[in-house]
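So the structure is just underneath, and the comments pick up after that.
Chain IDs A, B and C follow the sequence of writing; residue 1 opens each chain.
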Amino acid sequence: MAAGKTHKDRKVSPLTESVAVRACLIGLALLFIGAFLVLPLVAVFTEAFAKGVGAYVDAIKDPIALASVKLTFIAAAIAVPLNLVFGVAASWAITKFEFRGKSLLITLIDLPFSVSPVIAGLIYVLLFGAQGLLGPWLHSMDVQIIFAVPGIVLATMFVTFPFVARELIPLMQEQGTEEEEAARSLGADGWQTFRRVTLPNIKWGLLYGVLLCNARAMGEFGAVSVVSGHIRGLTNTMPLHVEILYNEYNFAASFAVASLLASLAVVTLLAKGGLEWRYGHELAGSRG
Amino acid sequence: MSPSTANSTLAGYDDAPPPPRAWGGSWRQPSVLPGFGITMGFTLFYLGLLVLLPLMALIFKAMEFSWEQIWAAATAPRALAAYRLSFGAAFIAAVINLFFGGLVSWVLVRYQFPFKRIVDGLVDLPFALPTAVAGIALATLYAPNGWIGKLLDPIGIKVAYTPLGVVVALVFIGLPFVVRTVQPVLQDLNKDVEEAAASLGASRWQTFRRVIAPSVMPAALTGFALAFARALGEYGSVIFIAGNLPMKSEIAPLLIIIKLEQYDYAGAATIGSTMLIVSFLLLLPINVLQRWSRLRSAEV
Amino acid sequence: MVIEVNRITKRFEAFTALKNLDLEVRPGELVALLGPSGSGKTTLLRIIAGLEFADEGRILFDGTNAGDRQVGERRVGFVFQHYALFRHMTVMENVAFGLRVVPRDKRMANADIEKRVMKLLSLVQLDRLAGRYPSQLSGGQRQRVALARALAIEPRVLLLDEPFGALDAKVRKELRRWLRRLHDEMSLTSIFVTHDQEEALELADRVVVMNNGAIEQIGTPEEVYNMPATPFVYEFLGNINRIDCEISHGKARLWGVEVTAETHDGTPVPSGTLKGHAYIRPHDITFIDPSKQEGAPAVVRHVAAAGPTARIELAVEGIPHLIEAELPRQQYLELGLRTGQSVTIAARAARVFPPAAE
């Protein structure tokens, strides 16, 4: 059929690039991702098993390592729920009401993101440390915060402070207030409105925020490093333990503990990807 | 085309452009929804206790010292060298990320290739991977006997334990900031403006340069600023690969820790305040940029 | 320029958007592609522009195959449904875009570009707003910028995709008349897509009624309105009463009158008795005196009398839905129709089609 032949004289669509250009760009991007992201991840696990499975297990079963795991979990177990409650409360106040100074409040909530973790640790040392503003008073009360567990928890809370609010604010902004107003007009009280109308709408975004918050809480290094005092078995979290082992040239053990943290990161990424894939439209709009 | 005009009757109906949105009224608009008091109260209490009060402590502490002390600490040669490295490396890393982050976003949004979903997920690795883990991994890779260092050493490039190593770590840390700000904008870019450009005779490159790039630029600059700000304060991923030689490869956050360990609180507070002020100054243009881009790209 | 669409077929995966379609647009003509959404009208326009490619068939511009040329080389002015203005450029830069992307050796001097753009902007009466950004313009103004931008490249054909779709009713009507005059002055071959029959009938020299990827009828507005070729065109254009009826031996009896049945493709009506549909325009329904003429008894159910014509809804015996009639206001007043009143109606004109073959 004569007419059937003509579609061959169509050239490259004017709305995309030639195959060669596309291949080059994809290749370059993959090379970059490979060198900067994939290789470090692979290196962690390779180095962790460099001295065999036995050495790996020993490094992790070491009591000091186990103590650091325990402390990491304690810090996250306190910081994440508190920041979760804060995130929900702040998002509710910010997105369901109109008030002056809202954008200032949002900026302040974002603040810990733009503060160096080292400075986050520093401010607590300056506040609670022996020579800090409240140091003498705390000493007289026999309370120790810096170089002790409370300081580690506080520093962790600071650096993970915005995560949940950050996820929820755009999401709830987009959802508006109509559904809550409808629930109120149908006689629901405040708590019922939140539990039955708002919460189902934000649950996946909430989980997403908690996931990221937890990953950061368990992996935080700079801020915790400043306030911890590096007391083995007492104030060392996993990332700090990784540092100590590394600086002692105990690379295999260092990477063994690091591989636990890297696994946590991979699990977080997988869960995050799963959430985005399955519930993308129920997460913040921009990611939709 | 005929030179004459089909005029006259149009003057009467110029429908008004949308008025700028304005919000006025009292401090708070009344609402039927409950819980403002308790949620707002808790928000301010928690924010104040955890963030604002301790930040204030930094300022108060810095004020305990005399101007001479502060000036001396802030401008000591070692501090100046640390600022120079922190700012310089953060800037170079952000520029590299601007380019590669833009490329990665483009490839992820526009092209199909195997394992695309995995690559997309991997972009967030620097967010999820603890910085200390990234730090030791990068240091191992780029050490002269590491997988990458081994390739670079013979051609005379030393990465680990040099300022170059700092840049490498900061590129790792900053990548997702650029990708995650550019990607959604690229995704939302209407296909029809590209079609319009093509129908007006623009080549693909012209369409990219004159239509696509300007639309993405505000987001790309925001991503650049975010990556830069993050890189400035980064500690964990840098210290393992940097070598930490005073005056050479010592970053400002590390200097703060060193001062603290020497109980030089004035020095630590001063360098911390300097960096904090710079971070705030950076936040400002980011917000202005975002507002500007939102205005410019208002729904057309 | 003559545009020939030659046996074009376009498929999107399993869905066939255009089926073996033929069309010829004459020089200087203003043609409307009219149809419901999904009828393939926009796809056809985009194929003519070169934004999309047909699976089979050819597009000829003045007898030469346009398929060899990309969209940018075809010199088509395309006005997008949502205007597709470049939001980071001023009105002036938007209009100048097509002139600035010309290769350097063929590009006009900057001063000439500026002059041309200002002339176009005064043509669309936006010269005052040359420095504004699209977000600072109203819908109607954006539409005119899009038009000026398309005209700047001196296109050989102007293609408009739902040009008034995003505007409100009042602006739409005025812009429509203005565009018609502009077209008459420039005598540029133009095709526009619309789903609004009023727009197509008022604006176009010829209307192409499309449905399901095929052309139902091509004709002047008068032809397609008064002599619809198919039941689809009847139902799509204007208000219509469709009544079930019985065709026997090629004829149907409707309200006391015998109507000859016809088919839309000219094939003979099947003999024997079969079900069919009668189509009567509301303004072809008359109110008669039952003692003088045979008709159908009906009861007035509702009257909407605002405006120059009165719309009357009637319940007619044996018809499950209401019948709509339209009367000039004067006649309505003379008859003194009232809700609940019993009347007798007849059809001034009616057409009967057997059910569609498919």
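To be clear about the criterion, a residue touches a chain if its C-beta (ideal position, glycine included) is under 8 Å from a C-beta of that chain, and two chains touch if they have at least 3 such contacts.
This is a predicted model, so every value here is computed, not measured.
**Q** Taking each chain's centre as the mean of its C-alpha atoms, give the chain farthest from subunit A.
**A** C
**Q** Out of every possible chain pairing, which has the most C-beta contacts?
**A** Highest contact count belongs to chains A-B.
**Q** In terms of CA centres, which chain lies closest to the overall middle?
**A** Ranked by how close its C-alpha centre lies to the overall one, first comes B.
**Q** I'd like the Å distance between the centres of subunit B and subunit C, where a centre is the mean of that chain's Cα atoms.
**A** About 51 Å, centre to centre.
**Q** Hey, how far is the Cα centre of subunit A from the one of subunit C, in Å?
**A** Comparing mean C-alpha positions, subunit C is 56 Å from subunit A.
**Q** Between subunit A and subunit B, what's the gap in Å when you average each chain's C-alpha atoms?
**A** 16
**Q** For subunit C, jot down the residues that touch at least 2 other chains.
**A** 50-51, 70-72
**Q** When you check subunit A against every other chain, which residues touch at least two of them?
**A** Those would be 14-15.
**Q** Multi-chain contacts in subunit B: which residues touch at least two other chains?
**A** Within subunit B, residues 195, 198 contact more than one other chain.
**Q** Quick check on the complex: what are the subunit A residues that touch subunit B?
**A** So the residues of subunit A in touch with subunit B come to 14-17, 22, 25-26, 28-30, 32-33, 35-41, 43-44, 47, 82, 85-86, 89-90, 92-94, 96-100, 105, 107-109, 111-112, 114-119, 122-127, 131-133, 154, 157-158, 161, 177, 180-181, 184-185, 189-190, 193-194, 212, 215-216, 218-222, 225-226, 238-240, 242-243, 246, 251, 254-255, 258, 261-262, 264-266, 268-270, 272-273, 277, 286-287.
**Q** So in the complex, the part of subunit C that touches subunit B is made up of which residues?
**A** 49-51, 70-73, 75-78, 80-89, 97-98, 101-102, 119, 122-123, 125, 133-142, 149-154, 168, 170-171, 174, 177-178, 181-182, 185-188
**Q** Quick check: in the complex, which residue numbers of subunit B touch subunit A?
**A** Interface residues on subunit B, with respect to subunit A: 23, 25, 27-29, 31-36, 38-40, 42-43, 46-47, 50-55, 57-58, 60-61, 100, 103-104, 106-108, 110-111, 113, 117, 119-134, 136-138, 140-141, 146-148, 171-172, 175, 184, 191, 194-195, 198, 204, 229, 232-236, 240, 253-254, 256-257, 260, 263, 265, 268-269, 272, 275-276, 279-280, 282-283, 287.
**Q** Can you check the complex and tell me which residues of subunit B touch subunit C?
**A** 1-7, 9-18, 190, 192-193, 195-203, 206, 210-211, 214-215, 295-300
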